[in-house]
Every structure is written in structure tokens, then in C-alpha cells.
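Got a structure here, written out as C-alpha cells. Questions coming.
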Amino acid sequence: MPSSFLETKTPPKYSFTDDYSEGAHPQLLEALVRTNSTQQVSYGNDEYSSEARRLIQRKLSATEDEVAIHFVPSGTSANLICIASCLRPYEAVLTVGSGHIVDKEAGAIEATGHKMIIVPGSRGKMTAENLEKTVRQNQFFPHMAKPRLVYISNATELGTIYTKQELESISAVCKRWNLLLHMDGARIGVALSAPSNNLTPRDLVDLTDIFWIGGTKMGALLGEAIVVRSHLAEGFAFHLKQHGALLAKGRIIGAQFAELFRGDLFFELATNANKMAHMISDNFQTLGYRLSAKTETNQVFVILPTSLIRRLEERYSFYIWEHLDEQQAVVRIVTSWATNASEVADFNAWVRQWT
Amino acid sequence: MPSSFLETKTPPKYSFTDDYSEGAHPQLLEALVRTNSTQQVSYGNDEYSSEARRLIQRKLSATEDEVAIHFVPSGTSANLICIASCLRPYEAVLTVGSGHIVDKEAGAIEATGHKMIIVPGSRGKMTAENLEKTVRQNQFFPHMAKPRLVYISNATELGTIYTKQELESISAVCKRWNLLLHMDGARIGVALSAPSNNLTPRDLVDLTDIFWIGGTKMGALLGEAIVVRSHLAEGFAFHLKQHGALLAKGRIIGAQFAELFRGDLFFELATNANKMAHMISDNFQTLGYRLSAKTETNQVFVILPTSLIRRLEERYSFYIWEHLDEQQAVVRIVTSWATNASEVADFNAWVRQWT
Amino acid sequence: MPSSFLETKTPPKYSFTDDYSEGAHPQLLEALVRTNSTQQVSYGNDEYSSEARRLIQRKLSATEDEVAIHFVPSGTSANLICIASCLRPYEAVLTVGSGHIVDKEAGAIEATGHKMIIVPGSRGKMTAENLEKTVRQNQFFPHMAKPRLVYISNATELGTIYTKQELESISAVCKRWNLLLHMDGARIGVALSAPSNNLTPRDLVDLTDIFWIGGTKMGALLGEAIVVRSHLAEGFAFHLKQHGALLAKGRIIGAQFAELFRGDLFFELATNANKMAHMISDNFQTLGYRLSAKTETNQVFVILPTSLIRRLEERYSFYIWEHLDEQQAVVRIVTSWATNASEVADFNAWVRQWT
Amino acid sequence: MPSSFLETKTPPKYSFTDDYSEGAHPQLLEALVRTNSTQQVSYGNDEYSSEARRLIQRKLSATEDEVAIHFVPSGTSANLICIASCLRPYEAVLTVGSGHIVDKEAGAIEATGHKMIIVPGSRGKMTAENLEKTVRQNQFFPHMAKPRLVYISNATELGTIYTKQELESISAVCKRWNLLLHMDGARIGVALSAPSNNLTPRDLVDLTDIFWIGGTKMGALLGEAIVVRSHLAEGFAFHLKQHGALLAKGRIIGAQFAELFRGDLFFELATNANKMAHMISDNFQTLGYRLSAKTETNQVFVILPTSLIRRLEERYSFYIWEHLDEQQAVVRIVTSWATNASEVADFNAWVRQWT
């Protein structure tokens, strides 16, 4: 796990560090240029945001009565707003320990006043069994914060995804215990586009109470689209405004999401990211390296010898995820909508050369 | 004062409603296109943000040891982060009643736990005398929250600006009472470019502890630059991250601010906004209408008969700021970097026609 | 208004400073001694607290299905818990400027995240008209925090009380605007026992959503009883626990409230406090001094010449509430359940002597 | 672990459930009666609180320049105030998973905005090694909340205590990483009075930054004494007031602590609690039952067959701490200052009878 971002310098090498190293997909930039000179009503009431809302609702096969859509600038703001909007002061969030909100958002959830209760995870995913067990263990009224909202991410922070059956099981536990289900969709694009995925966009509406669709990691300059089921939607814009997430020029997120969802661009970009990851993953496996987790989306976790890692670092940026011992470490390679096949081919060749 | 934004539809008319109805100045968009395809380190550590920081520091005649610069997406996030970063839990903010944080940010400051104490204002401005008096009245330890940070905006919400002498007086009270001084600079561009201004950018560094430079209202798609004096800068990025204001692709704010501050674009755009407002203001006065406040920056507050207002509404959008009686109301006309002289000429002619 | 408590030394003189200078009424102490050695279930589930709940419900002519009763150690904890328990993050409190929560509780309400909106008051009281007007002015969605809960105190901080008609009018505005009504009852005893009172205990249940009955200022060592209407009662004990207000030995508040409400002790003590205040007030008026507010409960606000104030200070402690000019000031004299007629007679004689 | 308190009825049997089932030690009640009728300055500025502060400082061999003392009504208020008073918004608390603040205080710490990071514990205690390792793993700036304050309890929630060497090691890690050390002293009395203890009261001053002395669990009606080192003491009373923990009649805690610390009563009561626990513990061991943890203070954790547990429940109240399997469970027996030898003898005989 990396020790610090701020010390890091601009990468002199090709980066597989994350899926937000580039700017925006050119088509989105063009949309910004094209729509730039019109005057629009502010704070998300512009025509581009309205169009984007309709397009997303259509993609979800959901009506505007079923789901409200709100745009926010960042994933952390999406998570903290979704969670804080749902909970009373004494209610707690249930999450696996690898959840992004646990140790990658500077305590943003706790800063809104809410406790997190850790559910033992499995390859980044929550299981219905562990959820049920943890909920049972946290019922000592009024001494324990009340379990109320379940946080999951899809794809997870380890690149894994939920099957429909898994999500249904979790949703069933939630209903049984009167828990809300929130899905962090920073990487929902690659999740729904994964070869092994069997969830439809509509399933997200049916099985969760609130979720968000990540634009930042799928070709937008910035922006995430929060999808709120109607029973939680009242007064939602207040939360955005109160947390500084309601942009005066909301058009800039609206115009990009309209572009991503007018056709299939969002999923095409996600498919590319997945494909590039699998090319890298396949190459590693062909050469005999062991994955620490099956590659399901755009993140490859592979166990490499230190000597090879040193060679890779000459030309590429990436995270060493975990030092296993003196000889080997888990390395994380992330591809994105912008990764192209020739870069991957070069990378794979470089791996082969030093194997 | 308007009753609701969300009901409003896309304006069918030319809008003088605010200074964020348009997209970005074309030069900023071009910078985004130009820099789009490079890979950059995330979370504000990209080369464009670094350049923008250096350029802003140069414009402020300040070194990086004196001031740290952080970029955030919105004015509300700038205010809440600046204020919350400085205060202990029991410390309160002093502000005039017309301050943006009082009733235009959905309780964002209180949501970080801090009380606001209202200081009687004068035409949108705080006075040293009223500040001193209010501080004296709030010393009943430990029953009253402790006055600790003074919030002012320049230009104010009423378009007025602080003279150097006024700011020095306020700063002196702050030093005497161990108060921090924070300036909301959503419209610092038009303030420093106003004909009656005698403050230099460096004065802001010398006389305040923390302030921010508004990009959203001065031609950027989004983004404000927080300028923190070194004694308050430790750990500042934590606050950004915790409030969801640290963009993964920080480059998009950095690239725009670099463009605004590489030459004089920022102040040229501000000068245009002010000039357009004065053209409108002069026309009103020539025609015999009374201003409810002298036009110092890009906001015109003028008292108009209801009959004329009805005519203006046929072609223009703007806020009716205050209903004085059945016959007349205060109207707010806002110009921006994007307002051009021919639109203003048309508007002035329309006013003349119906006078 | 006093400048500081902590500097103050133990009073060498008889104190009319406040109504919490003495310990407990002897009967309450005896109850603590009598019940001391039994073993009780902790955290408010002891038999004395249960009895006290039943006795209070009986005095309110309310069933346990209508109102839940919770005991907390202090008035500030009562206010912050009542208010925070009801509100979503973006919802604000409406209060007159003299409200105790405004500047006597160290920002406790804002520390729970909620804004206060000031309604112009009249002699410490809220009026239905001003409330309505202020609510109307705070509807600019989503920029203004949403008005949601009305805070009033009875008796007020100025010793005045609400008539039934006044409370009904406020309650009607609340219902019309979907506002909750919260009553701070730190001095509800003297209010309901005042000669001019026409409210019954049951009226409080019918006309408010939540209120509390002050024990600290009515002869208890500590403790306030929160009365929550059933629609707000779910999970209420969580709030107490989370704010450190759920005492392990809840019995010590329960036993005292049982004593206060088993017979009429609570109201007898209040009646004494009121009577002593009126004796003082009448004497001042007889001697020609002007009250700055009619004495309705146990607080006397009288305008006195500085020369007399100096004489009074030789033998008595009290607050100088407001300096009017060099010659005169408003003085606050507070009586309590413990004030006795001979002390008052001495005081009145001393006033006469130096008049 | 128990499932709920509120369902529980008043215990019909002798209770070993906790150390706060009784009222106050008679000597403390007598002090309340003796001091009841004097008039005192409010909010902790009374003469009894002042005396108690001096007596505690003397017992700690510390001057008033070194430590400030503040009284609060409950352990949860002590913990949340101590922690919230020290931290900036992005700073986190380090604690072992069995820490009282983790899951026995309804999320009180998170409600003040602060994250908790769990350090693997050993028999309820933190180790310097695990602390160091956890701190190292939480340095990913600015994405991870910053580790800043270490919470430990002594005695721990499992009845274990820290040796001087252990506390020195933890303190050394704290100094190396610029961490504050906070000790929850709800049961500091039994810890310092334990046969195996080698810490002096002064050691607590030297090795921690802030700690509190529990009165509620050592014979007081209520009240804990927070001991703050001078570098953290500025403005501390504000925190008390803001959280509703500054009692108007502060005298009632002051008078009790004066009584506990005028002579050796506090430690005598603690010694009794420990002695009674050891009598119970020894009896279990003599009869061949295995302790799940060595008895160091007033809590006995013993593994008992279900058949014996059923018999004990006929006459005694206590917690079943953990169900091991169908045949046996860990039972927690807690003694207190009020437990007497004859009750223990009866209990031990009852255990013997059914063994």
C-alpha cells in the first residue's frame, strides 16, 4: 500500500497506477465545447443535466418517479452524501474492511457523525452470512450504535464483482433486518461490463436503496451520478448544497453524463478497460505468474518476484500492493477507458523479456 | 429574494441572473483540450496544478513558504473547509447577516459544528466598530461559544468592496482579540478590478489568515483556489479529502487556473464584468432611476417601477431582490466575464424605450 | 449581562443570582438516602425511574403510549438531545434571540450540526406572526437550511410566560408549515404555577411535539425529564447514550422526580419561588422603581439607580443585566424554591433603607 | 454479550451484573446532606469542587499548573469530551477492539466526527508493538485519517491492568509518532489497587496526556474527574458546556470526590471490590473451574458448565459473556465497593453446592 501521494512527482513513465490518470474521453470534451456558450440555469437545473437524468433513467429502465438522479463532483462526496442523507445520528454503516470508505476517504463518513461496523469480507466482497452474523452481534440497545446501512462497492476495491445471486442474498438480509443497501459504483461500469457479470442496470434499482454511477473513473473530467430510490429522495438537494457538492455550473457534469449515456459509450469504455486488464492478466498467467485474485474487471493483482518488479518500474508506474516477503510482492495493475492495446502489448512484451 | 431554483426552467431570455450562467472562457476550455491526453498524478499533484500554484503565488507576491494553495470545486466547499480547518469545536464565526454563509449555503458551516454570531453590517460590509462591540458582548465563558474567526466577502453579496483602510481596521481588531480573518473571494476578481479598489493582491496575504480566489464566477468551469497562510496550512489536504473536495483529476481545476493567472486574463475578465455593470448602472441613473446601492463591481441594485420590471421580464431574466411596495421593487442585474457590450446596449435601449 | 463565571468566587453574601445556588429540597435528599442500598438495574431501568415516569405521565394526563419520558442530567443536554433527535442534517431551528440555546449553551445545537434562524421576539417570547414571516423568508431551496423545529422556553429567559392562546397560535403555524414544536421547560414549574398562567400540563402534550420538565431549577440535585410524543420516540435512548446523558445510576434522577411528582411538591416549590419574586417586585414598585418587564414568575427585572445597586451589592449577589447609562441599570433578581420569606423581608427592608 | 438492557426488569436476585447497581457509599451521601443548604457558585465553581480538585491533585502529586481537573456526569461524556477536545477534524483514535468506546457508547466518538482505527489487542490491552504497526499502516496521506490519539482503559474491559513497563512502552510509541495518550479510568481505582499493580497515581500524569478517574463505579452517585495536562487544558470548560456535561450544581460531584479523596476512601473501596472478586475467583479455581482470564481486579471471567449457570441464575444476576458451545459459557461476575464478604461467602457456597 502506498505511503503518500503528495511526495510523488509527475510520472515520467507510462502509468498503470489508477483509472484516473488521463483527462476525459474526447467526445465528452467536445460536448463541453459544443454547449459552452449557451446560458443555463444554475445548480443542476440546466438542460444538459436534465437530459442526462432522463438518459440514465432509461438505461436503468426506471422512471423518474422511481429514482431521482443527482450529480456530485467526487466519489467521496457521493459516498458521504448518500450515507449521511439516510441515517439518524445513532445509526451505523456496515462494510467490509477493504471498503473505500474505511481507510481511503480520510474519515469522511465518521465526520458526518456515523460509526462504521466492520463485516468480515471475502475477496473484497460482503457475504450475506457474515452480514447477518455481524448485525446479530450489534443489537445491545442502546449501548451499541444501531446497524442501519450496508455499504458495498461493485466492482470492489479488489476488482471483484457481485453476482445477481449474491446481491439478492445481501438484499434479503437487509430487508429482514430493516437495513438500507448502498452501492458505491465508482467502478460500476467495469462491473456491469465484466464477462462474468449477470446483473442488469435495473437490478441495481431493485436490489439497492441508493447507489452511484462513477463518471470520474469512466472517462469524465469529474462527476458521479447518485441514483436515489424515491423513498429516500426527499430534500436530497439540500445534502448536496450543504456539503459543497452542488456545482453552480452543474452543466459540466450533466453534459458529460449525457454524452456517456446517450448511446453506449459508458459501457464501451468500460469494456475496453476490462479487455486490457484481461490481456495483461492472461499474459502473466501464461508466463506462470500467480494472480492473488482472479481478474474480473480492470484491476490485475499479481504476485511477482522482486527482480521483475524492479524491471517493470523502469518503464511503468503502478502500486506495490503488499510485500509478501523479501522475494515477492503483490502488484496492482489498473487499466482504464484510455488504455490502448499497443501500450498493453508493449507492457506484456516487457514482462516476457524479463521473465 | 427568489423562492426556489429547482422550479425554474431553462431561461428563454437573456439572463442577468448571475455570473455563472455560461460555461468557461474559451481559452480555459482550450487548455483542457490541449492537456487532456497526458497522464498526470492524481489528487492535485499534477503539473498543471503545480504551475497554477506558482502563478497564483507570483500574482500575490508571496512565496510558497508563506502561502499554500489548494483547489476545490465550489464556493461552499471553499468556505466550509476554510472555516472548519481553523476552528476548535467551541469556536464561532463572526459574520454580517448578508454573508453568503448565513443563508445561502444550506447550513454548511453549522453542519461542521460551528456557530455563527451575527455582526450588524453596513451595505454588506463588516465594520471594525461593530465587530469589536459584538466580540465584547460574547465573552461569557464558558456559556457563549468563543468568537474566533471573522468571515467577510469581497466583493460582498451586495457588490460593495472593502477599502484598504477598512480591511486594516478589521484586521487590527482581529489581532487585538486573537481572531482569524477569512475572506470569501467568490468575487475577488471584480473587487480587485473595481475602479474604487485600493487593495493589492499582496494586501490580502498580509491582512487575512485565509482567503479564496473564485474561479467559478470568473470564467472557469468550476474551481476556487484557497490561499492559506502557513500557520494554518498543516494537514490542509486532509480537510479537502474528508469533505469530498479533493478531485481525483485535480488537473481540470489546475489547468484552468494556470490559464487565468499565466497572464492577466483573470483581471481582464473581471474588468469586463465591472464595465458592463457600470454601463447598465449609468443608463439607469441617467434615466432618473435610483440605485439602492452604488455600483462598485458587477452587480447593479436599482429601484424600478413595477411597470418597467414587467417589460424587462419580457426579454430578460434577473432577480427581484426586494419588493418595496406595490409600485416599486429593488432589482438585481448581474454581469459577468461573458457579458458583452452589444447585449448591454440592447438592454439599455429596452430600458429607455419603456421609461 | 455577566462577563464570566469562572472568575467568580464563592459568594460571601446572600445570592439572588440564580435558582440553582442551593442543593436539593430535603425531601429529595431523604429519598436518595432511603433508596440508596437497594440494587437496581442500571441506565434508567430502575424501579424509581419507572415510578417517576408513571407519576409524570399521570400529572400530564397522558398515557405511556402517548408520551415517553427520559431523564438527562442537564438542561443543555436536554435541549441538544431533543433537537438533534428530531432533525435531518439540513433542518434548522427557529428561536427568538434571547433563547437559551442561542448564546448560553456554548454552541451546543450547532455542534450537533444544526443551524439556528432567529425570529424577532417580544419580551422573550416568540409570536405566531413573526414565526410565520420568518418561515416564509427561509424557503429558498436548496440554498437555505430548511426551517423545521421551533424552540420556545416557558417560562422564558426573561421570566415571561405563554398564554394558552399564544401557544395555540404558535402550534397552528407549526402545523401549517410542518414544523415541530419544542419547549424548553427549565422553568416550566414556575410557568405553570404563575398567577397569570392558563395552560394545563396536558396542554403541553397537546400543543408541542417534545418538551422537558426542569428538575435542576426546581429543587433537584440535577436532572430534567424529557417528554417525547410517540411519533418522535423511536430509538430515543440511543441519543441519550450517544451524548453521555444516560447515567449508569439513573436511579438518582428517577428517585428525585418520583418525589417531586408523587404529590404536589414540584408545584408547591414553584409557587414559593413565584411568591418570593412578587414580594420583591411589589416592594420595588411600591418604592417607585420601574420594572423593565412585568414579574410573571421567579425573575424580577428592575431598573435601579447605580447608587442603590452599590448598596445592594454590599449584602447580596445578583446580575446586573444591562447598563442603561451612567446613572441606572437593569438588575435581575432570581428567587427559587429555597428562598424564604424572612430573607426576602430583609432584602426588601435593605432596599427601603437605601431608597 | 447481553442483547438488551431495556427489556430487563428490576433484578429479583442478588446482582453481580456490574459495579453500579447500588447507590453511593454512605459517607458520600452524608457529605451531600451536610453541604446541601449552603449557597454556592454554579457550574463547578463551588467550594466543594475546588476542594476536590486540590485533593485529587495532591493524590496525583501534581500541581494545578500541571493538571486541570474537570468533573462530568458520566463515563461516556468523559470519553467523548476528552477525545473531541484534543483532535482536529481529520484525526483518528487508536483503540483495541474491546475498548469501551468501540461498541458500548452508541457511536459517541464518531458522533463528534472522529474515526476509530482498531489495533489488535491482547486480553483487552494494547501492546506497543501492535500500536506501532497499526500507526505505520495508516500513513497514506491524505487518504487515511491521521492517527493521533491512543485510547486505553485501565483496568480494561476484561479486568486486566497495565504494568508500568507496558504503559511506558506505549507512551514511548506515542511520543515517537506524535500521538496523544488518553486513559479511560472508569475503573482506575481497582487498577491502582490491584495486587499486581506497579503504577503510581503520578505515573498516570507523567505517561498520559489526559485521563479520567471514575467515580460512578467507585461509590459515587455519579461523576468522573477528568485530569488534563496543561498543554491540552485551554478552553476545556467550553467542551463540557457544549456537550451538556457542565452541571449547574457542580457541587454534587465535587462534594462526593472531596469525600473520596480527602482520605483514602477511594482506594479502600477499590481494594474491597478487588478482594471480593479474588474470593470468588479463588473458589472457582479451587473447585476446578478454569478462568478465561486471570482475575486482576473486580471482574471474574470464568468458564462454567451450562448446568451450573442455570443453578446460579436461580439466585444471582450476572452476564453470560460468551457462549462457547452447548455445554459451557464464559460468565462474568463483577464485584464492587458495596459487595460484602457474607454475600460472597453465600455465593461461593452456592457454587460449591452445585459443583
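Chains here go by letter, A, B, C and D, matching the order in which they are written, and residues are numbered from 1 within each.
Basically, a contact is a pair of C-beta atoms (placed from the backbone, for glycine too) under 8 Å apart; a residue touches a chain by one contact, two chains touch by 3 or more.
Small disclaimer: the values here were computed from a predicted structure and weren't measured.
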Note to self: On the document's contact criterion, could you list the chains that touch chain C and likewise touch chain D?
What the structure shows: A, B
Notebook entry, point to check: Considering A-B alongside A-C, which chain pair is linked by more C-beta pairs in contact?
Noted result: A-B
Margin query: Based only on mean CA positions, could you tell me how far chain B sits from chain C in angstrom?
Written below: 42
Item checked: Rounded Å distance between chain A and chain C, as computed from the means of their C-alpha atoms -> 51
Notebook entry, point to check: Rounded to the nearest whole Å, what is the centre-to-centre distance of chain A and chain B, using the mean of the C-alpha atoms as each centre?
Noted result: 33
Notebook entry, point to check: Which parts of chain A, given as residue numbers and ranges, touch two or more other chains?
Noted result: 5-6, 43, 89-90, 105-107, 111-113, 141-143, 145, 237-238, 241-242, 246
Check: Which chain A residues qualify as touching chain D in the complex?
Finding: 1-6, 89-90, 92, 103-107, 110-118, 137-145
Check: Where on chain C is chain D touching in the complex?
Finding: 5-6, 8-11, 14-15, 17-18, 20-24, 26, 29, 32-33, 35-43, 45-47, 50, 72-81, 105-108, 111, 216-217, 221-222, 237-238, 241-249, 251-252
Item checked: Contact set on chain B toward chain D in their complex -> 43, 84-85, 88-90, 112-113, 141-143, 145-146, 235, 237-242, 246
